[in-house]
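What follows is a single structure, written as structure tokens, with notes after it.
Chains here go by letter, A, B, C and D, matching the order in which they are written, and residues are numbered from 1 within each.
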Amino acid sequence: MEQAVTDFVKEISPRLQHWRRDLHKFAESGWLEFRTATLVAEELHHLGWSLQLGKEVIKAEARMGVPAAEVLAQQEQRALAQGALPQWLPHFSGGFCGIVATLATGRPGPVMAFRVDMDALDVVEMQAQAHRPFAEGFASCNEGMMHACGHDGHTAIGLGVAQVLKQFSSRLCGTVKLIFQPAEEGTRGAKSMVEAGVLDDVDFFTAIHIGTGVPAGELVCGSDTFLATTKMDIAFRGVASHAGARPEEGKNALLAAAQATLALHNLPQHSGGSSRINVGVLQAGTGRNVVADRALLKVETRGATNDINDFIYQQALRVVAGAAAMYDVQHEVKLMGAARSCQPTRPWVNYIRQQAARIPELTSLVDSRGQPAGSEDATYMMERVKARGGQASYIIFGTQLSAGHHNEKFDFDEAVMATAVKTLAALAFHIDSFTNE
Amino acid sequence: MEQAVTDFVKEISPRLQHWRRDLHKFAESGWLEFRTATLVAEELHHLGWSLQLGKEVIKAEARMGVPAAEVLAQQEQRALAQGALPQWLPHFSGGFCGIVATLATGRPGPVMAFRVDMDALDVVEMQAQAHRPFAEGFASCNEGMMHACGHDGHTAIGLGVAQVLKQFSSRLCGTVKLIFQPAEEGTRGAKSMVEAGVLDDVDFFTAIHIGTGVPAGELVCGSDTFLATTKMDIAFRGVASHAGARPEEGKNALLAAAQATLALHNLPQHSGGSSRINVGVLQAGTGRNVVADRALLKVETRGATNDINDFIYQQALRVVAGAAAMYDVQHEVKLMGAARSCQPTRPWVNYIRQQAARIPELTSLVDSRGQPAGSEDATYMMERVKARGGQASYIIFGTQLSAGHHNEKFDFDEAVMATAVKTLAALAFHIDSFTNE
Amino acid sequence: MEQAVTDFVKEISPRLQHWRRDLHKFAESGWLEFRTATLVAEELHHLGWSLQLGKEVIKAEARMGVPAAEVLAQQEQRALAQGALPQWLPHFSGGFCGIVATLATGRPGPVMAFRVDMDALDVVEMQAQAHRPFAEGFASCNEGMMHACGHDGHTAIGLGVAQVLKQFSSRLCGTVKLIFQPAEEGTRGAKSMVEAGVLDDVDFFTAIHIGTGVPAGELVCGSDTFLATTKMDIAFRGVASHAGARPEEGKNALLAAAQATLALHNLPQHSGGSSRINVGVLQAGTGRNVVADRALLKVETRGATNDINDFIYQQALRVVAGAAAMYDVQHEVKLMGAARSCQPTRPWVNYIRQQAARIPELTSLVDSRGQPAGSEDATYMMERVKARGGQASYIIFGTQLSAGHHNEKFDFDEAVMATAVKTLAALAFHIDSFTNE
Amino acid sequence: MEQAVTDFVKEISPRLQHWRRDLHKFAESGWLEFRTATLVAEELHHLGWSLQLGKEVIKAEARMGVPAAEVLAQQEQRALAQGALPQWLPHFSGGFCGIVATLATGRPGPVMAFRVDMDALDVVEMQAQAHRPFAEGFASCNEGMMHACGHDGHTAIGLGVAQVLKQFSSRLCGTVKLIFQPAEEGTRGAKSMVEAGVLDDVDFFTAIHIGTGVPAGELVCGSDTFLATTKMDIAFRGVASHAGARPEEGKNALLAAAQATLALHNLPQHSGGSSRINVGVLQAGTGRNVVADRALLKVETRGATNDINDFIYQQALRVVAGAAAMYDVQHEVKLMGAARSCQPTRPWVNYIRQQAARIPELTSLVDSRGQPAGSEDATYMMERVKARGGQASYIIFGTQLSAGHHNEKFDFDEAVMATAVKTLAALAFHIDSFTNE
């Protein structure tokens, strides 16, 4: 890495920390990143990147798991009260908190894209001195929302990359796109950006994550074990009746849900690889002496491949329809999230490994950790890029964690942000050396 | 009771016993009463009753729970080898072992009908000295079939009534019909006789039973607690696959059956009165390591009223269709038997009580025992007669039993047969005294 | 009825209405009748009745379904803010809102007791002009609590009786006890008063209800179809784990609950009479992708007799223990309510009918309505009185309702209160005429 | 391969075919290999191998899935009638049809063992001209038993090896053991031989199979994908009662079995690798109108590792105990078979590959086919040898099949037998060249 870049990143490191901590304090969960998005837009605009915002980069119908309208409205008001910038807010209103920033060099060359995500989790952050964000005053002030997965860091990294690339834009060729995605948690947001066409001109795509158990100093250059997944809410609607006096007049949604649950958990045996199903939540009924007329299941399927996940998912749809028929109740399945399995492309992984070798902080470079991971909707973006013949990978920057992801004590070593900025910058600066062998 | 009739019945009592023991020895279960029916037909023909046989009195499509064709054929051959009369057998061939004998007096008067049933049960009779049929040499020689419900006695009573009424036919008016029904066990046969029109001219109908816990000397003149019932076989057909190597290729009929079973047993809560369901038999699968492609459920529903039973039955159909849909398997529901709840008509019960008072052996006359009983398909006949404005009842002659009905040690005090013959004769002889108050 | 009593009741009728409407407005649900109880105590004390309060008449350990301590404390504060009398409140603090008022005449005679209940329901009252309590300004101001079962009227009747009996106390002999019970809804309170010994000296016991579908002008003198019941909350506690990454580390409380639910609904087939079970509420799990570690079932059993209910209940305990064992989760069963089946004593029903004949507003007197009813925990009191050889009944005063019980639009014709006061007074005034034939 | 050996094997090839076809015709399934074992013993004895027989090599208590005593007795009689040799039969009587033949050279050297299995399957062989065994007159004459997995060939190979090694015994050193195992199907027999100590002196162990989809000419030198498995029969015993009249008196084994089935199929989600469960057979109940008092489940678990299988198995035991408790029925779990996952030892696989290179018929040598396979109880033997520090592998000789294993049309190209004999002989003859690198 050239010294100038290294020096510049060092110089902006305090701002990376500042951004991260500000975002951490005003944590906003999926589709509600109103304040976050306005600040990001302002910063990028200030730096001179071209912006596409809101519905330009998010297809409304392809969004999944969007909160109810009243929640969106409330949270937008809260965001305003917490410093969201009114000049940008209208773009994101209604749950369209996505941004694509573009830097077209005018010089011939490919289109390269980086994806970072911006959403927090529905977790109550620990309020205790032992937890650094609390001790240092940047714990979440939004109860029930917490950056417990590091996306605050991802957003800061994205802003850092925007600064560095702008600063050294003369070294770039082609076009660079920075994608700031909402609602990655629950794998709800990426598909809507893909369907808005955001990836349709991208030749080289890289999504990033920090942590996930990777040791500090290590870079996973081509994480390849994400499970395909589908998330769904299943509602059963029957007819209530007095359970003692008129049991035969009820249509029992609770029993339909119980029966469906057992059958759903019967599904996942597949010779093609790992498959999963989970009914994580079952809520049914209103009173002890009433035949329950409503039930809700929160379900997810997963599979080592898209085919396996689709198989389990299709079976699940059949199971719930059958269970509803058994008890003569209505049912509705609402898609709440989805992600794909997706293999990084080999040449791009090789290129990433080569460029990462330039970064002294990265002392270990591996292609994959091999272990089954969770799910990631950046896979939708990877799939689209690959479908067009492009190169794609998903990379993970190791860092010391104070607790596991999604835990109320989650925190990370902020030094990883500078490392990530430098690595992504290196990918951009040397793209002319990429060879597809 | 006039002395002449009493004396005559006393005279034929040994023949009642002879018939009963012969039928007991060559027990034939439902739809397989080939030998029985030929002997009954011969006797009635010899006495001079007009006969309608086989398909004349049994509507083929309305039969339920008929054994497979090869079983019918085998048992017909066995009947021949055991003394079935070849001149009558063709009428009954294929499972049409019903007889209606008619005595038209030519004198004005109503049509009166008595029903007796002829079938044995699928029970292995006890072979031990303590069991009188064995000790006295008339235990069933047909392994797995036994007259453990007294229908051998019923048939003998029917033949006794035929003799007495013929002997004293000058005292009769109108028309008398004797209905010898097959396949009462499992409530499979009566409906087919009703649909053949056998009851369509009947003004006064009486079905009989002996035993059932009623003490010797007592007559129940209007048993009114039969439960409506539906019997069905439910077959699920899926797709087999190797459970270890290709679990996802199977469509699991066993799981569909298990799920249906639990849901069926969830059904019977009804504010209208007693309701029941039972999955009595579940047979599924062929090998431990094979996803089961076949399952069979033997199910019955019951209800204190026809409406309750129909409600449970309709729900059961829905449940099995839903369970099949859940596991993507085929299913077929086969009706195997059915009976109705039915109240005797009050004036007829009163008349029976009055006539029974003439029989000195009947020392206790009650209308009903009040306790929930099983099911009886003579209720179909009662319902048809009542629908036409006729009178109907179901009467039970108490007698000492050696063991409960359907038990391998079942036997009864044969003296009840003469009592029953006299009582039914009295109903016929005094019909001109009936008043519908 | 003597004119003097009639006139007096007419005179106090406005106060009956006033009390009822005040209680209606400040509705308090079971174990939370803090304001209600202080007002009742003050009134009775003012009239000169001897009082036993709180723990004197309620055995702490025998209470069922008591709200959590923080709810009790909050509601007690709210009651104070809404006019609960501080001088009486300490007696009822902590959920002991029961009162027994005694009038010992000093003259020889039996002990007679009347029971009224004071609790509201957890129902949100309709706020609309079409609903009289709203139109006339006495709809509940406590959201989520509503007198939708008429206990406000019962309490007012109790106070009216207290006035009349005091006014004409010279006509009484023996002792009269007025029992003001908390937490009848959910059948949670009566048992604790029985176990405190409140009924141990009672010779004649009468519990009352208004409405329940009985037409205006009719008195049911001996309601005899209450079902025995047991209410329970069943909690399963397992171990959470990530459903995708570590499914085998979880112990699934949701599956245990689903399995238990199906098995519980398999229970109720009983030849002895009606039996019921209902899992009315199932709440399980915290997140879609987490193996659920907690589940809660709200269950009730019912039976036409105590034996049937006990049988179903015992089986239910076995089922939930087995289901917990299947999934290796902990479980806890918490008794939340219970009531008995109980037959009124015949002589007392006769006496009530005779006395009611004196009340011109009562134009129809029946012993029973015959139809299956819900459950009532006054049956515990009846059972105790009968066990000591006393007489007991449960009577229902018909009245015009605006909507069924437990409905958000429930209201009743307040004229029924004066009728009830006069009827109960008549029972007390003429007890010397009671004969146990 | 030296010409002398090649020539000798060619010379005995007709006898290999003769043996195989004789065994095929008189197929005997697991633990019933009475005739087979006497013929093998006679042949080995004649050749001069030292024999250990029956209980010397089979530990009675460690046998699994042994047929009922009356079946053993019947089949032993049938074997006699079909030519079993009376002088050897007593050793095997009662289901102890195992043989270990030993050739101790007296020269220093290791102990080497080969395992072949002798049992047929419970399959009805196709009787049609298109099926060579039928066309050429050696189809099974024992209806319902068929060598549909090639163990007839394995036994013939074992006898061929016995001949060759004896013929050229001067080239051997150390000791050679030939293990003829009963009841490999259902993985029932190997453990009993291991526990009898048969493997306790073995340094080099090789089990063989033919076919399994491996193409003709290929040798799999170290098959490594066998799943660990446990087979069990689970019997529930409740109490029967009349489902209509006395439902509450029954203890329902059928419902317990249905509930257990659903819960068992809920088990297999494991992050460690493939896991399986299958309830392949469910048989419950005796009559439609009877609360079922008996139920039987035939179940198997599988796992990619012993740990996974053990985990699923232990959970399954818990599930069935819980289900029995739910319905208050007794239950019994009977172990019917078991096998282990087991990796071949690398040096031994290398040695096998080297030696196989000498055999011109083997044109393709691979270590593993990689695909998930079924289960094999030779893994118990491998595990024991490895536990003592020995070398072990499982090898598969490809051959052309007429239909898949366990199919009624199964047949194989008998030329594979000579190839196998030569390969095993080569392993024995060159053991001094083995090096553990």
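We take it that contacts are C-beta pairs under 8 Å (C-beta built on N, C-alpha and C of every residue); 3 or more make two chains touch, one makes a residue touch a chain.
This structure is a prediction, so every number in the text was calculated from the model and none was measured.
> For the pairs A-D and B-D, output the one whose chains share more C-beta pairs in contact.
When the contacts at A-D and B-D are counted, B-D has more.
> Could you pull out the chain whose C-alpha mean position is farthest off from that of subunit C?
The chain farthest from subunit C, judged by C-alpha centres, is D.
> Just give me the whole-number Å value for how far the CA centre of subunit B lies from that of subunit D.
53
> What positions in subunit D touch 2 or more of the other chains?
In subunit D, 243, 245, 247, 255, 259, 262-263, 265-266, 269, 271, 276, 372 touch at least two other chains.
> Would you mind writing out the residues of subunit D in touch with subunit C in their complex?
Subunit D reaches subunit C through residues 243, 245-248, 252, 255, 259-260, 262-263, 266, 269-272, 311, 315, 318-319, 321-328.
> Name, in rising order, each residue of subunit A that touches subunit C in their complex.
Checking each residue of subunit A against subunit C gives 186, 227, 229, 231, 242-245, 247, 254-255, 257-259, 261-262, 265, 276, 278-292, 295, 298-300, 302, 336, 372-375.
> So in the complex, which bits of subunit C are touching subunit B?
For subunit C paired with subunit B, touching residues are 262-263, 265-266, 268-269, 271, 274, 276-277, 372.
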